[in-house]
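Below you'll find the structures, each written out as structure tokens.
Two complexes, one shared chain (subunit A), two partners (subunit B, subunit C).
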Partner chain A sequence: MSTTEIGGPSWRARLRALTPNTRRVLYAWAAAVAVIAIGSLFNPDFATWSSLRVMLVVASFIGFVAAGQMLVVLVGGIDLSIPWVLNGAAIVLTTTSLGQTGRTGLALALALGLGAVIGFANGMGVAWLGVPAVVMTLGMNGVMQGLTLGLSKGLTCASCASYAPKPLREVFVDKVFGVPAQLLLWAGVALLLTVLLTLTTFGRRVYAVGVSPRGAYLSGVSVRGVTVALYTLSGVFAAIAGIALVAYGGQPSLGLGDPYLFESIAAVVVGGVSILGGRGHYVGVVAGSLTLVAVVTFLQAQRVPEYGRSIIYGLVILAILLTYGREKSNA
Partner chain B sequence: MPDRLRRLLSGPASLGYAVLTATAVTYLLVYTTNLGHLPTSFDYLSILNTTLPLVFVAIGQSLVVITGGIDLSVGGIVAFCVAVTATRVHGSGLTPFAWLLAILALGTACGAVNGVIVARARIAPILTTLATLSIFSGLALWVLPVPGGSIPSGVRMVLTNPTVPTGLIWLSLAVLGWLVLRRTRFGMRVYAVGSDETSAVAIGVPAARIKIAVYALSGLCSALAAVFYVSTTTAGDANAGGPFILTSIASVVVGGVAFSGGRGSALGAMAGAVALTLVIDVIFFAGIDPLYQSLFQGLFLVVAVLLGTGAALIARARRGAL
Partner chain C sequence: MVLTEKSEMQVMAIEASGVDRAFGGVQALRGASFAARPAEIHALAGENGAGKSTLIKVLCGVITADRGKVEIFGQQVRRVVEPAARRGLGVATAFQELSLIPDLTVAENLLLHSPPRGRLGLVRRGRLVPEAEAILHRYGVDYIDSRLTAAELSVAHRQVVELVRVLATEPRVLILDEPTAALPDKQVEWLSGHMRRLRDAGTCVIFTSHRWREIEALADRVTVMRNGTHVATRENLSEAEAVTLMSGRTFEGTYPDVTTIATGETALRVSDLRGGRLQGVSFSMRQGEILGVGGLAGQGQRDLFLTLFGAQRAAAGNLEVGGFPVTLRRPRDAIRAGLGIAYVPEDRKAEGLFLPLSIRDNIALATLARRSSGGLVSRGREAQAVASLVGQLRIGAGRSTSQAVGNLSGGNQQKVLMARWLLTDAQVLLLFDVTRGVDAATKRDIFDLIAQLAAQGKAILFYSSETEEIAHLCHRVLVLREGRVAVELDGPVRDAERIVAASLKEVPGA
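Moving on, here comes the complex of A and B:
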């Protein structure tokens, strides 16, 4: 202990000098590295590039939905409509493309447009009508589920058997210099979100609204405008995840998006974003998504039965939250 | 009496009562125009028995929401207790009932775990219960890997008798329990913690202990729901709890309980739960494709809340004019 003090400030002091936001990103990456390190103790192949690549691809699906979830969580909201926006967009994509290369553009535009419209409606409901975010997005999830099931007749409609068009598969699945194209897309999303949130006026406004909507409003920030924009983006990201999932799987299924509701929230908080809003970075959420996938992959590799995976998954999230997800005491 | 009635209608649960009345009237209209006669006692009994589990979960959820929290783990606790009920409750005479008591204790203990993590470890309720949801669901799968199990007919006769409305007794007991609880010191403290925790602590309310108790009660309610669920369906399924997460939140919302905490009543949430169940019957008798069911439930949720906000705005405007 004393030797480190002679050589300069101790690592503890340096850690304390960081802003809470940066510190939480570090914790999130430390958690991801720890899980992968523990995994490779049991199984030396766990941390090889080919294994990591698979985990990263699986994590990228969570990463896309968590991007949208993080944006609304930053302003103290939550998006529970992700599962069926994702599923709806996936089905819109295959049923309008009919598997034909020539219709790829149209299908993509419609799927992304659907996400944007639903996200916009969520935002309007929350910001202008004053409906609590939980209620608005929960109701919207039901609306989207009903519409998706009803309009596709339970995924038995004539065009429901269509596959995703071939170019889309290439864009997502093919490798560029040995890296799956989807990972490059995820890196692009991470870069874009980080620039948007840290270097632009819009980003500063997002954090301002998250810390104090009232304070932001009084300093001239259009709180409603920011909120609507973020919910719209969340819908778009859910649609992107849906597109990526059908690009990989070829065809959508019903309930495709269901696991992503709670996983997106878990990735966001394991990534060091405060559920109360105003704090967190997407770089941390990338680590959070990877941590969740690494835990599940490790347990599957150890042949832990499903019930054990579920229990340990919950315990790991709790342990991570106990280390850096605690709220300040108000006593 | 009119004064009492007015207080009841302007109270926090009024949204729930209004929505329930509207849904019930719609149900009666749709039923009679389609079948040419009024619903029979069999219809009422089946509504009662299918709605009881959600009513119980909604009571627990409303208590947690009144303290300003949320309980996502109700799905896991219901599933866990359903699994234990369907696999362990055997025999005749009083043995099954002793088991039922043990299951209620189990649910309470699960809820208390949530409470301790929320109150002592200070992890946000939504995150705590998200993690424990995964744990309790895992335990449910461990106890009952594939759907199955059974329930002694003696238990069925007492809990959800298919011919005599025993469910009404349990429903009335739940209402009574809430009316008593609300007037106790504990009940007042639940509201105090929900309205303003810092002030509540400052005047000596043991906020942490109140929260632990509230989450434990929510666990007890989930266990009750599980017991009634198995009694109605006569079998267990480790995935039985999932739907209760979002529907219990919806019931609480329709019942006029505020997510900011401190306002609302379990009676409103109970009315909301019955209304949400009735909506499904309305859709069925109106001949709408059941695939559209969640569309109407979703719209119902948002419209109910918008009506509540609208009514509050009108009331405020009228008060301002006076």
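Moving on, here comes the complex of A and C:
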């Protein structure tokens, strides 16, 4: 560029020089900070560490499911089976562990395995049978709901009253250096996903498939393999969220996962991940999860009634997405 | 230039002045101006990245200018973004990126904006096909079946439909961006006829082309652009002058010398290959040889390339790479097979490049595993490998390799794609129309590169929609006709007419 500017480039120019991916992550964090800032204008306690800590813990549950959702959205897919995979995994964990410490490992393996198996089945359906992701995963959600309700007899089975085993519950109640262990787990997930997506051959292939499946295929990428792996991971993350929720709350309930379908998609989109695939980072999704929780917390603090909360919640998400949409598209 | 009083007084059909426009960090237009009169054919020339396409998009209102104004018949258009609004002003545009909707039929696409309606304003579906056929007939292209979907047509036929759709609006200003890039010679003539007819009827026709002889044959005036600005507008301009104006450099001889005959080992042997339009193709090529594939459009050239790359299943036939028989089920097999096979496609946006991804990611994609351990990419080795190719191919004039490929000009994008496949070190290169829509200077770079690769011992299968290029660049030319090798010509053929003649022989009705 030969244009000379006085006083260095403007912030606008600097913003434009960033890659679209980085810019989207910045916007997501700006949205999170803005919501928290507005909240603390109304209520000075809103941005204190103890309040933030609670918000972060609540956000981490969304963060886990949104991790899986983001992975499939990156290749232009969607996972609608999250609610009952989550719920199923939560119930498998308590009913197989029977609350006994000695069975923790087995129960964890079974719960995570369930998520992986269902996710794998979703991936196979989408990649090999060519079933549209919406249909495949919605169908799987129904199957999981039926299985869960049937096998647990509507959560009235003998072992259904069990609690999560003690070591698990302690992990989620304990603090390490004053930080809830759960947040450390979330930080670990964030680090893992960032490394996976930006530094590995797998991550590079994910973005390539997301941008152009045909182009990726012609470059020797196994498009089907990548797709199946991503859906499997999404199932595993739904199971992790289920485990985290029972460990945190002690016992599972029916419909435990229902709120997380909408929230996982909203966190992914508010986090700057393109619903068309190929663009976005988990760092943005972390901000997206936090933004959602901050909005809800703020509305609760303002004593807005339930129906009003729903309306405002929806409008705020729309408003945030409209701001993103104003960005001129490149190329 | 002497301006007569008349032309001074004459209202310009379309005029842009002082237009600026940036994409991301790239300034595509800087103070660009352009003016075209009614009843003239006005060519817009310039290298890739000179800003032609951007200027055209500003003229027809697909994008707005950051600064500057556009006037249509003396009337200033304000921040109107909808091309539909400009249609009302009599401006019609056919774009380089085909704008047909793939899953709609030709008839539906043709009548998209003005479908036949019944009394209640509902579309009368029964009238669609007859009306579309009437339009196709009026423009002399009855050979296109209006009931096929756009996706089922060849690239050339899709372009024809796109053009018919625009011509049928009988516009006052007709803008054609690279209308001939995908057209065989016969259809180029057809289009030329319509452009002249519209001009004689008073329409202002603006077009871009990388083929100088078309500009010479058609244009009344030529405007040359470079680096996003207007360089010159002339009535008479020789090719040499134009190239100098476009590039600021001078060129001697467009094609590298390929007279030395390749004597390497056999790199690829194909026998009785069938599948798609292929009806049994047999040939072999040596290391160091550039083998041209000629023929009329749609004689199986594309099927041949895709099958040799494993992207399309062969129904029958044998393939030997480096002396060993191979079976290719998917592109990955071809990349790994023996000497390695690489395929550079014509449609670089749909089949080759990942526009939002960086130059580095695009180049590294096919060879990720070679620079990684335990699944982790070694960023240092990657940066090194990418940098050496970026330097060797002179990609993007010192731009950072983390820039999105979508911000690069067409020529540079093509080089990025070539770089990806050179990195695989494949010894058999399948180059399918790689110079399509590429400017003269970049073309020259690509030809030199191909000759250099052949000299290093790579076997190159080369197809181009411009027969001229096959005639000059190839050691040997296979002319395909109806899915078979009809004639084999020793090269360099030099005279493109010989290839064309061989393509036509015995084809009834051609």
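In this section, the second predicted complex is superposed on the first by the 319 of 331 C-alpha atoms of A that agree within 3 Å, B and C clash if a C-alpha of one lies under 4 Å from a C-alpha of the other, contacts with A are read in each partner's own complex, and residues count from 1 in each chain.
By definition in this document, a contact is a pair of C-beta atoms (placed from the backbone, for glycine too) under 8 Å apart; a residue touches a chain by one contact, two chains touch by 3 or more.
Keep in mind the model is a prediction, meaning the values are calculated, not measured.
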{"item": "First (subunit B), second (subunit C), both or neither touched by A:V211", "value": "second"}
{"item": "Which of subunit B and subunit C A:G130 touches, first, second, both or neither", "value": "first"}
{"item": "Partner chain in contact with A:E306 - subunit B first, subunit C second, else both or neither", "value": "first"}
{"item": "Subunit B versus subunit C as contact partner of A:G314, first or second or both or neither", "value": "first"}
{"item": "Superposition-derived comparison: subunit B or subunit C, residues of subunit A touched", "value": "B"}
{"item": "Touching partner for A:V25 - first (subunit B), second (subunit C), both, neither", "value": "neither"}
{"item": "Which of subunit B and subunit C A:L149 touches, first, second, both or neither", "value": "first"}
{"item": "Touching partner for A:F262 - first (subunit B), second (subunit C), both, neither", "value": "first"}
{"item": "Shared contact residues on subunit A - subunit B and subunit C", "value": "330-331"}
{"item": "In the complex with subunit C, residue positions of subunit A that touch it", "value": "1, 3, 13, 16-17, 19-20, 199-202, 204-205, 207-208, 211-212, 214-222, 278-279, 330-331"}
{"item": "Residue numbers on subunit C that touch subunit A, as the complex places them", "value": "22-25, 27, 309, 311, 330-332, 335-336, 343, 345, 350-358, 361, 364-366, 368-369, 372, 375-377, 379, 402, 404, 406-407, 420"}
{"item": "Interface residues, subunit B side, partner subunit A - complex", "value": "70, 72, 117, 121-124, 126-128, 130-135, 137-142, 145, 197-198, 201, 246, 249-250, 253, 259, 289, 291-302, 305-306, 309"}
{"item": "Subunit A to subunit B touching residues, read off their complex", "value": "78, 80, 125, 129-132, 134-136, 138-147, 149-150, 153-154, 262, 265-266, 269, 275-276, 306-315, 317-318, 321-322, 325-331"}
